[in-house]
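Down below are the structures I want you to see.
Here come two complexes built around subunit A, the first alongside subunit B, the second alongside subunit C.
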Partner chain A sequence: MDLSPKTRMLLRHETVLLAVLLAELIFFGVAGRNFGTPDNLANIVRHSVEIGLLALVMMPVVLAGGIDLSVGSTVGLCAVLFGKLWRDGGLPWEVAAVATLGIGATAGGVNALLITALRLPPLIVTLGTYSLFRGLAEAITHGTDAFTRFPPSFLFLGTGRIAGIPAQAWIFMLVAAAMWLLVHRTTFGRSWRAIGFAPEGARYAGLPVGRRLAFAHMLAGIVAALAAITYTARFGTAKADAGTGYELAAITAVVLGGTSIFGGIGSVHGTLLGVAAIAVLGNGLSRVPATMSSAGELSGLLTGVLLVLALAGGAVPKWFAERRSRKARAPVPP
Partner chain B sequence: MFRSFALFLCLGVALLTGCSRSGPDTGAAPSGGAPAGKRLTIAFMPKSKGNGYFVSCKQGADQAAKDLGAELIFDGPVSPDPAKQNEIIENWITLGVDVIAVACENKDGISTALKRAKDKGIKIVTFDSDAEPAARDFFVNQATPEGIGNALMDEAARLCGGTGEFAIITASLTAQNMIEWQKFIEARRMAKHPGMKMVALRPCDDLKDKAQAEATTLLGAYPDLKLLMNICSPAVPGAAEAVKQAGKAGKVKVIGLGLPNENRRYLKDGTTDTVILWKTVDLGYLTVQAAAALAKGELKAGATSFKGGKLGEFRIVGDNILLGEPFKFTKENIDQFDF
Partner chain C sequence: MLKRHFREFSVLGVLLSVLALLGVFAPDFFAPQPLLSRLTAAAPKLVVACGIAMVIISRQIDISVGSLFAVCSVVCGLVAAAKMPLPLAIASAIAAGAIGGALNGALVAGLRLPSIVVTLATMVTLREGLRLAQQGVFIDLPDGLQWIGLPMIGGQYLVCGIALTVLAAMAAVMRHLAIGRAVYAVGSDAEAARLAGIRPRLITFVVFVLMGALTGLAAVMNVVQSPQVDPNTGRMLELEAIAAAVVGGVAVSGGRGNLGGVLVGFLLLACITPALTYIGVKPYWDKAIQGAVILLAVVADGLRNRKNGR
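Let's look at the complex of A and B:
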């Protein structure tokens, strides 16, 4: 019975976030220049696919009470290694892409091993691999080498359209659907939730906590590699700085989407709304005449405001409830 | 509990939409007064928005847009980020700007986005650092490597009286533009100043602290050193600080490529003799003038000169619009500049 008001609150959060998104769309549709054109909507999707992919796999990690600060650096490492395999290794890009997914899985596996086998806190482990993976990417390229001149069939992934929709959006939708099913319709999802809610309890209940956490981190690594591929295809260049800062953007979207940073609460659709709300805000601000020249700073600022409101929105009702129950208890005569 | 929660968030939403709505209401009014549809929209992108160098370019760009009655959009990454530059270009394409002026952080990366803009009929001008030539119409070239090399070597020889030892502090031994400059410095030395002798070339990784350490080492290692030539901007104040602390101000001259504000102190107390750069405000002004002329069809490929508003005529070589000779900032004129 304790869980039912919580799920209802979650529903509330997502409904409100949806309202925020709709308000953004309406506002920018009216005030923004050429905001609602199909080309611009395609832009919004293209520019948010990588952060969206990372958010989708960050979500289960956070749901299970952890965090992964290394995903942005994994994007950099995978982008560079993908370029290396293709250009210097002479592999066809399709083969290099599959190998890159394996590299991503390995990177996630390193995190998983350190977290589950050595029982180190995820924050510390992934802070370490955050530097390690980026450092490796920089060492491989000496910080300056960049991989370019990819074949058109590969660039199509980042710049082409299939049935009128950006090519990478199909990949994103596929991953989103898979993640939704995984989190909301399988025992994996339930066990992540249980682990995030009470790790010791989950362990006593017989859940394979280590294996479940390891799976979440490996998944994060694989999808980060996928993001590296779509990023490279969109940008046309693979360099060691690919995906810098993306881990924080992904965490922001996850938390804005209603996933509790302490674990146990969260949903994939909330995360998707979080990604969309941030992406639309950034794009829209660059089309309103008054904010055109300060879109970058303002979108950061307003995203911060949204996030603080979302977090406070979770904390304030709790505070009210506690005060009310204290008041209710106080006048009871001795 | 749920009601207060929902209420709170609704309040937040109202606040947020209210905030963003109040912006355009007040801000859009003046631009709405201008004849809509006819006004030229020029999009102007620095490598990064906070960099003082580009802030001063913006001063000139704003002035040119005002002179032309054009709308200027100034946007770019908050810190250098080539992928973000591409995203902004792609957004400008769908926004429907007439012309884009950009200082490119990554030549290869941005060229694909610029080509896409070109395909949509948007004119492209690059400034400060170029894209691939096929991806833009003109490059506003602030200084040729030859112009920089000659100016530095001539100034060094003038200060040393034509003979003596000097050392160069560079950013890195692999940076393409620095290598190019060194080539012209050496060519000029051989041709015009054979009495000058380069004794050392040291990298400072574009860091002021490291430049200071390198300069201190050089001062110890070469007691006859007459001049330190610094060809990356952090090295100029770094070397000046080293010379000052060693008590050799005036005995060992300091010159280099740098920004006036970073070197003001040392120019004024006489540690640094000359800072060489171009007038960045003029660079922004000329870039916007060229962008507007290009969009209006007044500036076409093959032109050999261009009239840049109040600044007068500029030479065009190939598809490069030349800003002209580098400018020398000294104790005497430094007070006229603030960037």
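Let's look at the complex of A and C:
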């Protein structure tokens, strides 16, 4: 198709998504009660930090052509072990938090080892660890135990504000900036794109494919542990069910944000827009009187529909192009 | 035979040793009544696992079956509660499953979208749509529906019999009919299958529709076991079904596996939890063990493939 650069820019996934986000903001600003207040906006940010963190690290994994279904379970396992280290291990929470990051790295390392060393498909490996990590969290807490009464200095992380902005939002912005630089401004990050685009080609070009994939999965584990810490600080309790279903939300945000599920295409800012679109939708629906009572179900439903539309939106033009080229080329020479 | 199906026979060996251990340490396990009840409760899972095995053999995946299972259960319950005849309730549940499967199939085969994301999306959409429509309310079933009006033992034999019939039929189709072989061909190499005159996208679509219909049937088999329909049913079903298939030797890279293996994998997973309970492991270890068994099975496959130089 012959499109001017300007039209192409307008049709870019991120631009369309930005328009959707703005439309959401305007709609809920008009129709919702107290939607646009600073308190509510801070609330949206506070509630989307964990899913946002997971989406940020899911993005390189998907960009490199893989998937990680275990991040939500890693959040649960890390939250429980963090509570265990702090309460039963008697460690100060700062030390326990650092140790938890190490646990997250180990969890990611298990995925990385199975996927890269044994060349097993990431889908089935992380499906197994999805069950294993959540199961370990349940086994450690006997399914019912919960860790509470964390010190105020720790809870500040989840409920306090620094310079008027929720404390955990600073962590999120730091991670987001780091991920953007890593993916878009370093050769290291670009290698994920190359691997996702053509794994064999990347290997022939001399990239250490296994090590790069392993790093992406370990990064996912570490940041999932970070999400477990902010999650615990926000709710004030660490339970085995922390982060249930978050892997779906994170994948949805990544795909909605324009990262191709086949790998090779995607951007960190697109992912951020995807996270924002989902977060605003969920909060906005709970502010509109007509949808207030069933906001949870409705936002889940719309997120699923949005995901299908985003996928189909990318595939339909390709489908037409394929048909056209098939007609043009027929009959195909043997 | 032994060499070709080494994978299946090794799982069978594990299953037999678990059963032998149970026989020695917990002979109560084999008392007919709790055993029959346990098998009946698990029978719908076997039907779903048969479908999942077929989907995985065609090199796809379907994680929406748990949500679809809940939708079909509610459809069956609503039709039955509206005093419609029983066959209509059963047919509508199976039809609802087939429609859900057709939606997945159209997106995967028609638009060439990856099945993992498509079924992830339908999983969330169906589950949340159901929550929105039903608000978690249980449906009371009319009197005649439980065990389809049979006495309990008869109903239990019927449910188990249906599950085994489905398994046998699927095994025969996959092994002996052209369409079954086409599923293997598409799963091994879709392009080669196309050049051999098979239509891979049509096959994929049919596989998903059949998966949906089997999910609907499984939902009916579950609904008739209790006097009420729980709209939250079917959570984790996709995981348990995939686990049974993978443990039974169905390769996630497609094109390999058979229904006999699925039965063995299903029985092994079904026995492990009670076996561990008998030796004193607490039930909250269930999910961790389930995950560990899946990982063990894929690691074993991975090591074997590496040894064979693939």
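To be clear about the criterion, the second predicted complex is superposed on the first by the 311 of 334 C-alpha atoms of A that agree within 3 Å, B and C clash if a C-alpha of one lies under 4 Å from a C-alpha of the other, contacts with A are read in each partner's own complex, and residues count from 1 in each chain.
Here is the rule we go by: a contact is a pair of C-beta atoms (placed from the backbone, for glycine too) under 8 Å apart; a residue touches a chain by one contact, two chains touch by 3 or more.
Predicted model only: the values in this text are computed from it and were never measured.
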Subunit A residues touched - subunit C or subunit B, whichever exceeds: B
Which of subunit B and subunit C A:N43 touches, first, second, both or neither: first
First, second, both or neither for A:E297, with subunit B first and subunit C second: both
Touching partner for A:A31 - first (subunit B), second (subunit C), both, neither: first
First (subunit B), second (subunit C), both or neither touched by A:L132: second
Subunit B versus subunit C as contact partner of A:L123, first or second or both or neither: second
Touching partner for A:Y231 - first (subunit B), second (subunit C), both, neither: first
Residues on subunit A lying within both footprints (that of subunit B and that of subunit C): 294, 296-297, 300, 305, 312, 316
Contact footprint of subunit A on subunit C as seen in their complex: 61, 107, 110-114, 116-118, 120-129, 131-132, 135, 239, 242-243, 246, 252-253, 282, 284-292, 294-295, 298-299, 301-303, 305-306
Parts of subunit A lying in touch with subunit C, wherever the complex brings them together: 67, 114, 118-121, 123-125, 127-136, 138-139, 142-143, 248, 251-252, 255, 261-262, 294, 296-298, 300-301, 303-305, 307-308, 311-312, 315-316, 318-319
Residues on subunit B engaged by subunit A in the complex (per definition of touch): 1-2, 4-6, 8-10, 12-13, 16-17, 19-21, 23-24, 26-28, 31, 49, 72-78, 81-84, 86-88, 90-91, 93-96, 106, 108-109, 112, 174
Subunit A - residues contacting subunit B, complex: 5, 8-9, 12-13, 16, 19-20, 23-24, 27, 31, 33-34, 37, 39-40, 43, 46-47, 144, 146, 148, 155, 159, 231, 234-237, 239, 241-242, 244, 283, 285-297, 300, 302, 305-306, 309-310, 312-314, 316-317, 320-321, 324
